[in-house]
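Just so it is clear, A, B, C and D label the chains in written order, and each chain counts residues from 1 on its own.
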Amino acid sequence: MTLRFGLLGAGRIGKVHAGAVSSSVGAKLVAVADALPEAAEAIARAHGAEVRAVDAIMNARDIDAVLITTPTDVHADMIEQAARAKKAIFCEKPIDLSIERVRRCLDVVAAEKAPLMIGFNRRFDPNFREVRARIDAGAIGEVEMVSITSRDPAPPPVGYIKRSGGLFRDMTIHDFDMAAFLLGEDPISVFAAASNLVDPAIGEAGDVDSASLILKTRTGKIAQISNSRRATYGYDQRIEAHGSKGMVAAENLRESTVEVANASGYLRDPLLNFFMTRYTQAYANEIAAFVEAVAGGRAMSPSGEDGLKALAMADAALKSLKDGREVEIAY
Amino acid sequence: MTLRFGLLGAGRIGKVHAGAVSSSVGAKLVAVADALPEAAEAIARAHGAEVRAVDAIMNARDIDAVLITTPTDVHADMIEQAARAKKAIFCEKPIDLSIERVRRCLDVVAAEKAPLMIGFNRRFDPNFREVRARIDAGAIGEVEMVSITSRDPAPPPVGYIKRSGGLFRDMTIHDFDMAAFLLGEDPISVFAAASNLVDPAIGEAGDVDSASLILKTRTGKIAQISNSRRATYGYDQRIEAHGSKGMVAAENLRESTVEVANASGYLRDPLLNFFMTRYTQAYANEIAAFVEAVAGGRAMSPSGEDGLKALAMADAALKSLKDGREVEIAY
Amino acid sequence: MTLRFGLLGAGRIGKVHAGAVSSSVGAKLVAVADALPEAAEAIARAHGAEVRAVDAIMNARDIDAVLITTPTDVHADMIEQAARAKKAIFCEKPIDLSIERVRRCLDVVAAEKAPLMIGFNRRFDPNFREVRARIDAGAIGEVEMVSITSRDPAPPPVGYIKRSGGLFRDMTIHDFDMAAFLLGEDPISVFAAASNLVDPAIGEAGDVDSASLILKTRTGKIAQISNSRRATYGYDQRIEAHGSKGMVAAENLRESTVEVANASGYLRDPLLNFFMTRYTQAYANEIAAFVEAVAGGRAMSPSGEDGLKALAMADAALKSLKDGREVEIAY
Amino acid sequence: MTLRFGLLGAGRIGKVHAGAVSSSVGAKLVAVADALPEAAEAIARAHGAEVRAVDAIMNARDIDAVLITTPTDVHADMIEQAARAKKAIFCEKPIDLSIERVRRCLDVVAAEKAPLMIGFNRRFDPNFREVRARIDAGAIGEVEMVSITSRDPAPPPVGYIKRSGGLFRDMTIHDFDMAAFLLGEDPISVFAAASNLVDPAIGEAGDVDSASLILKTRTGKIAQISNSRRATYGYDQRIEAHGSKGMVAAENLRESTVEVANASGYLRDPLLNFFMTRYTQAYANEIAAFVEAVAGGRAMSPSGEDGLKALAMADAALKSLKDGREVEIAY
């Protein structure tokens, strides 16, 4: 049986997922919708799919699953529509910037028993996955402290930042999900410190660009996150978990393994610089996991609830930043 | 314009190249031939191609290029037939185990002006390519000494070894080509030392399994090669070039970047263990380079002459091993 | 001119400093005092010095400088006595567990214009020093975020912990000083999260053993510290500074550079496991720097004020832990 | 009991050994001789020793052992004189440039039953020692192939090269000894390839500056050596042993563990650049081992025979270079 997909949103990330669908065994891209017909057309042509309107995709008999890669503000509406139309749903993070809206959306999803996966792609990075697998295999005993370093090569345009919901909801949200993934427990509180150091325009837009956060779980496990909107040496994505019996860490990825040595020293490549290159394999694995879970009738992971949790952490972090204190996370 | 391929030989490596053709822009697999019809059928089906007989492929109007991935003993015949049929030709190494046969074959290729590329896949490994690019960019000045470490994870079956032409023609041949590629000059002499240390059955079959070789060029550049048919820690493939201004090296590839630390120490993954996994990207790049060269009417590299040269080095190495002295390479 | 030393306290660290004095050019150990005469005797004999009483050392005409390596509770008294006796003073951290006592002590030091250096040895670690030097040379532009990982191999005896002033005053105090050293600015606030995960007996003694802290400066620079009283893989001491133009980091030290590879992977040594081995060179450099500063009449660094600041951070961290909020540091 | 030393030769390396004696427990420097009285005087003063004539040291009752660090051409004479005077003898490599002279010298040593250690300092490098220890512990099974990379930062003055006996006797001799040390068996044959690439003046002086060598043992084990008189990135000293069960390697040493990252990449320090800095610990361990062996009446290692063997390998390598063939080593 082949899972037939409709793609809602033909932007940059839509294109990546379309490619992942086409190269997944047991999956096929049937239709593409986008406000820009040329964008939809380009992806459709590349994958032997049709251009259709959103409603046509939602109601199509020849479509089993939708990929929601539109701008964030219509995610929740589309999830609800797709859930009512009995589609399996893959939606990019976040579900919505408003946690109340997310809750209502997930109520619909639950009522319709719709399978919903949220695009926290980093869980599918082969190295990060392996870190989780080593923890599960007992390699470090009980996890005690998690460290996440997550820095973008350069800040997005200020226009984007203004609509993004802010650093915590836009960028740190991935790290919140990763922290929960590695801790193996939901954080119950968060403290956030943050500054505007990279670009004054970001501060003028009311946001921060450099942050350090601490999460704690009920059993006392601790995660720390280091964020920056700029890293001259590339897309810095490292994780480390320290436990009762040892430590496990995953390193960054580089363009090559080449090293040049001379009187200045030994020079290795900077890091892969672009999230799509850095997480190519993660994006492919993510769609493959979605296809398998739908095919096997298995529970989705990361689920809509995981999406809700990460947003709740972001909201609590924002409150912490304002109040200068540790804030309990309201799931 | 799309380059239309016929695949001659539907074995393990044929399957890899078929995949590379299908995912190359401007290339298409049209037909597959193999002595085992099921093998040809499986690849044809997977890529929307047909099964045809060898002669049918050679003479087909709808086929522009052939991929020769049959057993070695028919390579030269097929190259000649394809050359006369005006096909562009990609052939796996070696052209033949007999250098006389190779010479005659290349004469036909020259007479027919047929484009011929030999499958020295390692030249297309992104890391090794980058080493060459850094040398070309002047990063280490004049190349003086090249070191190649090339060890297989485990020996092939003795049955294979008996027909292989021996370690130098079967395995070291890749390293001979890499040495020439990195030195930027043809070696003029070779010395080989070798032993049977890995498996007595290899020695009984008249071959060696552990070797160290030295090549020299006319200007005094030196390359050393270290070979073993066994490496418990994976497929060990390293290169290093030392020059007047510095050094450049490419490291091995691993399953993941994960490291686990405990009282025993810090443990990283063993190396990728299988040549197809290790050189996945190299195989893809190789076919893409062939397609581009044919499309652009550019000279082939590595060429048939490169195939001849590597074999000449192997033959000289065998003579060196027998005579216990440095042997001049007869190109 | 030779700087003549009296050593007050013939314990483990006293022995290290005695050795550093003896091998410093321009320094000489003249006398040793300790409540245990045998301990004093052993060190004195090894370095050609005499055993004397504390008062005798304080008042000696043939002694220019004292090294205070007694238990913490007499540090402040001894500093004051030595200051009044016009000695140059090197004192192990902390000056006292009570910040009020430290202030009074530093008032005496100031009144007497006594040169006072505090033993934050890590500033003298060659690697950490080099990190600071690279920052000073502009290698990373403006420092924005500092990360310090500081984990002991194993917790000290609970008896020690009870008298230690707690994790922040005993262990993190080094990291507070390092944070200030790397930030190049005094932190103005601190947040601390901490747990008792390593040994329940530590919790019963009223202390924590696992902590994550965040410090902020007036200009918005951020430092994060990760502490644990246990690391199975050795004494984990890493620093990283991220700035507007790049990043600089110093790695851990190992027993050897040896790596063993087999089917399990590539295994490097665990970390140096003992603070005296890990910081051997730092201890030697520290005493050499003290000798040079006294000889050259230069200001002491780290100074008594640096000792006060680190303690103020520790006190604020304790308050933060109790109150669950960011606490302003009262210097 | 304290081993009382006389130092013969107050040059650069004599100074290093004098320091090692002074800081060895159970050893003491009593007297120093040198053709330059000021040189002898400087070392004597620094270590509380006297200046004496060579004969006076040889015949002194208050001296148990001599350190021979004179120019090579008097090594053998001094060893014989010291052996007859019943001194324990430490002599820098090589014993002599003429293997016949070495043989006669060792005959005298044997007849006098004099303890003689040759200064192959690299065996005492902590990392290289650890490699040997891991092999002994079975970490890699049977050793099969050894790789030694040994490159000097820059060539010595041509004047030195002219008197040095050539690259193989002067520089490679250390690697010959290391090869035997790691193989655990005496090589029986050698092949050498070499060029003059670094500096034409070296070639004009009749020597080579870049070389690659292969050694073989009776059981078929193979060692390869890569030498250059120049490495822009520092003093390159690496070893690797590949065996039936795995591989063990020791890496180079650097000034610091610091790494700086920016848009150019990740830059680590060049290598330690000077043999005395690189092998500081080796020189100290070497003298300590000599003192312990004399004190314990144990056999010397590396022995005079080890010195002879390394020279025999060098002589055979020279012959190989001239004849272009593998040469049997005549021990």
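Keep this in mind: a contact is a pair of C-beta atoms (placed from the backbone, for glycine too) under 8 Å apart; a residue touches a chain by one contact, two chains touch by 3 or more.
Since we're looking at a predicted model, the values are computed, not measured.
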Label of the chain whose CA centroid is most distant from the centroid of chain D: A
Chain pair showing more contacts of the two, A-D and A-C: A-C
Intercentroid distance (Cα basis), chain C paired with chain A, Å: 41
Separation of mean Cα positions, chain D and chain A [Å, integer]: 58
Sites on chain B at which at least two other chains make contact: 232-233, 245-247, 261-263
Complex interface listing, chain B residues touching chain A: 126-127, 130-131, 134, 139-140, 245-253, 255-263
Complex contact set, residues of chain C against chain A: 142, 144-145, 147, 149, 151, 189, 191, 193-198, 210-212, 214, 216, 220-224, 226, 228, 230-233, 236, 242, 244-247, 323-326
Sites on chain D touched by chain A in the complex: 232-233, 261-270
